[in-house]
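Below, chain A partners chain B and then partners chain C, in two separate complexes.
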Partner chain A sequence: MEAAVLVIISPLLTAFFLGISRLYVKKIFFPLVTGSAIIYLYLLILVITNSYPAKVYSIGDWGMLGINLMVDPFSSLFLLIIAILFLPFIIFSMKYTKFIKHDYFIFAYLMIAGISGMVLTADLFNLYVFLEVSSLSSCALSLQKKTDRGIEGTFKYLIMSTLGSFFILLATILTYYLTGTLNMAEIPLAFEDIPFKIKSTIMAFFVFGYALKIGLIPLHAWLPDAYEDSPIPYNVLSSGLVMKSALYALIRILYIMFGIDFLDESGMLTIVVFWGVITFLIAHCLAFQQSNLNRLLAYSSIAQIAYIMIGLFVGTEAGLIAGSFHILNHAIMKGALFLVVGIFNYSLTAVEIEDIKGLGYKFPIISFTFVVASLAIVGLPPFNGFMSKWLIVEAALEADFVYAAFFILVGTFLSLTYYLKVIVTLYTKTEEELLIEEPGLSLKLPTIFLGSLCIVFGIVPSLPLSLMNKIPKFLLDNGEYIRILLGG
Partner chain B sequence: MSRLNERFKKLYKIGLVITFAIFLFFLFYDIHNLDSDGKRYLSEHYISEGVQETGATNLVASVLYDYRAFDTLGEATVILTAATILAFLVPITKATMFGTTFKSIVNQTITLIIPFLAVLGAYLLLFGHLSPGGGFVGGVVLSVIPILLTITYSVDFSEYIFKPAQKKLVENIGAIGFVLLGLLGVFTGSNFLASGQAPFGTGSAGEVFSAGLIPYLNLMIGLKVGAGLAIIFNSLIKEK
Partner chain C sequence: MEIPYVVVIILFCLGMYTIITKKNLIKIVIGFTIVESSLILLLMLVGYKPDGTAPILDKGYEIVVDPIPQALALTTIVIGGSVTAVMLAVVIKIHKRYRTLNIDEIRKLRG
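What follows is the complex of A and B.
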């Protein structure tokens, strides 16, 4: 299973070589970036197809003494999202970025390395280290335009992200102090005789730290500001992967280290479901007021993350499958939406909703992609968003969270109002003559690819669901995960 | 009324800090009273078996560069990211430093100190597996050289001696070298970052050429940290 460690190493190596290439050999920039992205895609597919049954890779051959990597279906879901988003991101950014290219791609590769490290590692401190790598380079990416608003937003992002890291590090230190180990399989075994009070305090630190990174209301304020004036292809990766990787770490820690029984006993499941309902109701209302497309999509991201939280925290098998499916679907839908906005921004520097008036007739295919993706994110059949949202509602009803299921339907209507507002503006005829820079094929292809995936996964949901059906086995019952990691 | 309001705001912040401190105090008090001595098998193993297993007589080096070398790679990447961000944020090439000019006695002493600093840094790097020291410490000592040049002479002079592009190159070479040394384990049929387990062995503990990969990893981390800190300092001190 060498491929698992290569998935982390190869983007790191690419980033370091890009750093040299910027100074001395500028010519190899293009083949280096694209070639490495294609090799990376191959490695990802290799790991994903071998992810079941779960495998362990011990770094330095130290076994329980050192750091282990583990590939299981939940982590391979995130590798699948990287595989779907990364190549379109690279192709789109090549054309889109008019500013310094080298730094942008160095940070992009570092960020991907950090995220894949977070997803694959089975060690608590290693998780924190890669979290720092990914969030620091994510801050750097959102800064790339260097406008005043961009710097202000990034500053807020940096402060909040550091505060979150502080709490996560504090909880990690306390865990090590109590258990004397950092291995995710040994911690739950050592946790059994720790008093309830101390355990729930540590859990509260973890939840607070990661909720800051995920951006749940009222800890969300940095997110729309950071998105407002950042390069738009970065927003695709940010909402699709950076926020989700923090969510991944939270789920991994809560379900494996603390276990579902403790979550139920301490009332964490009820709290997070209630928190999620509040979050998406407020986020939908805030999104309705926005006139800037980036901010609107940012608030919509917060609301969708709340749906995912509800799905993952109802604490049943169906809920875990539904939540994981929505993670994948949201990455695809939001990716398509942001790329369309990116094309509008590239062609006529449009960021406000009023700027895109009448563009539906000038860019017929791109606008149609926008309509498809926004209807999918609202949750209308036959698109993929409908499938996962329906599964979340079913899971919530099954686990007796009737109010959550009801408010998800209310939230659907709320989100329909603001997405319809954008679509109506898009197809309103105007007499204005616009100066349009024609977007090339390299901008259009990634967008259409993600848009068509919305339809494909809506019609054939069994395709991704066959991977996700195995996820609850490793999360609901942490004994399975522990057994494999301890070398059963 | 407004004065009262202001006072309340101040007290509110102080109160928050104190509440958090009291909360942490009670938490640590509870944790301290727990009996957790039986759960120290990992650190005890490092202390009792570390020298035999890794071949390094410096215990810290054996944990940093062998047992948990993957963490070190991540931490060094964080430093590289920070240095790249700062170099990207501050692209000003002409800089006016604060106008302090030192007497010639300071300048002469600095030129005398620098060779000794270089020797000390090299010693810390190369003997990191035998005595206290290691890549991070050695790198910091080496990075003091360009920092001293910047402070006593000027940014321009320091960047004339050590060019920014060269520092960037050294930093990246250190990072690439670390990963390639790790891949050496994969090529010889063992796992990533394996040193004692790979066929080249640990050697006898206490000699200069021992402890498997640890001295070379020390060197790479030292290059990376030294160059990275020098870049960070020079980027921060530049002003418009």
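What follows is the complex of A and C.
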């Protein structure tokens, strides 16, 4: 069988066998989880290395009638993020989780299956189904700690995410009604005859639904609450993958189905860039007020997503490359930050900024990782965040969004203020003796791995950029995508 | 022909109204199921043809309804069922802790 099909199937199978092992054979739990994570990593690498030229997998040989899978550079970028984050996530959570481990890993594997399905599918309704799989299991994961705040945050998350899915479903049904097909290659061909106003309405439904899932500013209220008391390793995947996969779906729908010309004509590009600027300015201001580390990082995530939106929606080749690069970089940087917070939480149950006072001297390497990752996310050279932010600013200037470029620089200073606040607290000496549970190597290793990737991608940006240089070819011109999908 | 679509719009708006205005958690969940059933109804209407028969492609059946929306409707029902189940599970958890379903009394997280 093809590797791309196995990428979706194997986490589903693992989740199933984990459920069985919970009931009958508890001993195989550890080898099952780690073993399948390693096999999954191998499968992902196999698909990523074969991603260019783009390929279509026709499941069950139904041709255009069936549901096809498509691997192109943009989807392989997301597979790359899964490959980078998933094994550290598994290793970290093995040690970190003190609650029922089986449930946690079952939902984690289901979520990964949903995300990889979203990334690979070329069918509009299938996209919705996988979106629901990933967001429902994501809700279940954020519930795992079973604290008061966790449950409440999850309920908010569930409400908002379901509300978003309803609008996405409505738009999907209307698209089928108008075009009579759900294949992403046939829809743009059928869309050419549809009147401008009807197309705009459908696009508005899609954008509203996905903006709820991504958490752009007026629709963001659930996000910090859901992050506040959820298991911290889950936050790594949540900010690195769940939010991004909704963004992926939005980009794919807008660029492939509607096409860049329609986006330009309807003014969507201008609207989203403006929306992004507003979002990150407000999110930076809100992040400054937070005293809880998780909430601070959550608001910072919203702001970074807004940068990515600006990069992807300036509508030029440079913008798409910059935005995709920032997707990868943000996943790595935020992953490193959350894992450091996770170690602090594990060792001395710290969640507030006050709690981490003086820890910089107790955990020298871990705190250094935190400093590296936070300076990278602020956008200082020579880290990876600087590279992608610089590319976004350049792309915005090139596409005549001068105000966006200016406010990104302002936003950099705003984010510097609150990250410096945390760093200064981290390195403030205190007299109190702290009871510290020593974090083992299995907690430190994933953190240091992600932290060192920040430096590596900052010094050698050509490494990931060689993959991303091919992305605009498939997104800016939807003809290429359609030709490959119809040809397969 | 237009009346079913009007019903869909009414159901959708009714559900949204319930979700936005009601204070009781159970009523909010009911609002979600109403919106979901309106979307399923819309799916059925999309595939409907007057005098259409079951989609069996054989001699003698000339007008058949579109089978794809029916398959989609089944999937949507399953997804809706699981969403409702997860929501109710969370509501049970909330009720066990706070002994109330009023949304104003359980709000600890603000902003």
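Convention: the second predicted complex is superposed on the first by the 486 of 488 C-alpha atoms of A that agree within 3 Å, B and C clash if a C-alpha of one lies under 4 Å from a C-alpha of the other, contacts with A are read in each partner's own complex, and residues count from 1 in each chain.
Just so it is clear, a contact is a pair of C-beta atoms (placed from the backbone, for glycine too) under 8 Å apart; a residue touches a chain by one contact, two chains touch by 3 or more.
None of these values were measured; they are calculated from a predicted model.
Asks: Who does A:V460 touch here: chain B (first), chain C (second), both, or neither?
Replies: It touches nothing on chain B or chain C.
Asks: In the overlaid three-chain picture, which partner chain does A:A140 touch, first (chain B) or second (chain C), both, or neither?
Replies: In the superposed model, A:A140 contacts both chain B and chain C.
Asks: Return the chain, chain B or chain C, that is in touch with more residues of chain A.
Replies: When the residues of chain A touched by each partner are counted, B comes out ahead.
Asks: Identify the partner contact of A:G66: answer first if only chain B is touched, second if only chain C is, both if each is, neither if none is.
Replies: In the superposed model, A:G66 contacts chain B only, not chain C.
Asks: Give one of first, second, both or neither to describe whether A:V402 is in contact with chain B, with chain C, with both, or with none.
Replies: The answer is neither, since A:V402 touches no partner chain.
Asks: For A:V129, using the defined touch cut-off, is the partner it touches chain B, chain C, both, or neither? Pick first, second, both or neither.
Replies: both
Asks: Which partner does A:E228 reach: the first (chain B), the second (chain C), both, or neither?
Replies: Touch partner of A:E228: chain C, not chain B.
Asks: Just checking: does A:I39 make contact with chain B only, chain C only, both, or neither of them? Give me first, second, both or neither.
Replies: Neither: A:I39 stays clear of chain B and chain C.
Asks: Once chain A of both complexes is superposed, is A:V25 in touch with chain B (first), chain C (second), both, or neither?
Replies: Neither partner.
Asks: When the two structures are overlaid on chain A, which partner does A:V410 contact: first (chain B), second (chain C), both, or neither?
Replies: After superposition on chain A, A:V410 lies in contact with neither partner.
Asks: Taking the two structures together, which residues of chain A meet both chain B and chain C?
Replies: 125, 129, 132, 136, 139-140, 143, 177
Asks: Report the residues of chain C in contact with chain A in the complex, numbered from low to high.
Replies: Contacts found on chain C: 12, 19, 25, 28, 32, 35-36, 39, 42-43, 46, 68-69, 72, 75-76, 79, 82-83, 86-87, 90-91, 93-94, 97, 106-109, 111.
Asks: Going by the contact rule at the top, pick out the chain A residues touching chain C in the complex.
Replies: Chain A residues touching chain C: 125, 129, 132, 136, 139-140, 143, 146, 148-149, 151-156, 158-159, 162-163, 165-166, 169-170, 173, 176-177, 182, 221, 225, 228, 286.
Asks: Quick one: in the complex, what on chain B touches chain A?
Replies: Residue list for chain B touching chain A: 27, 30-31, 34, 36, 39-43, 45-46, 66-71, 73-75, 77-78, 80-82, 84-85, 88-89, 165, 168-169, 171-173, 175-176, 179, 182-183, 185-186, 190-195, 197.
Asks: Mind listing the chain A positions that touch chain B in their complex?
Replies: It comes out as residues 2, 5, 9, 12-13, 16-17, 19-20, 22-24, 57-62, 65-67, 100, 103, 106-107, 110, 113-114, 117, 125-126, 129-130, 132-133, 136-137, 139-140, 143, 174, 177-181, 190, 194-195, 197-198, 201.
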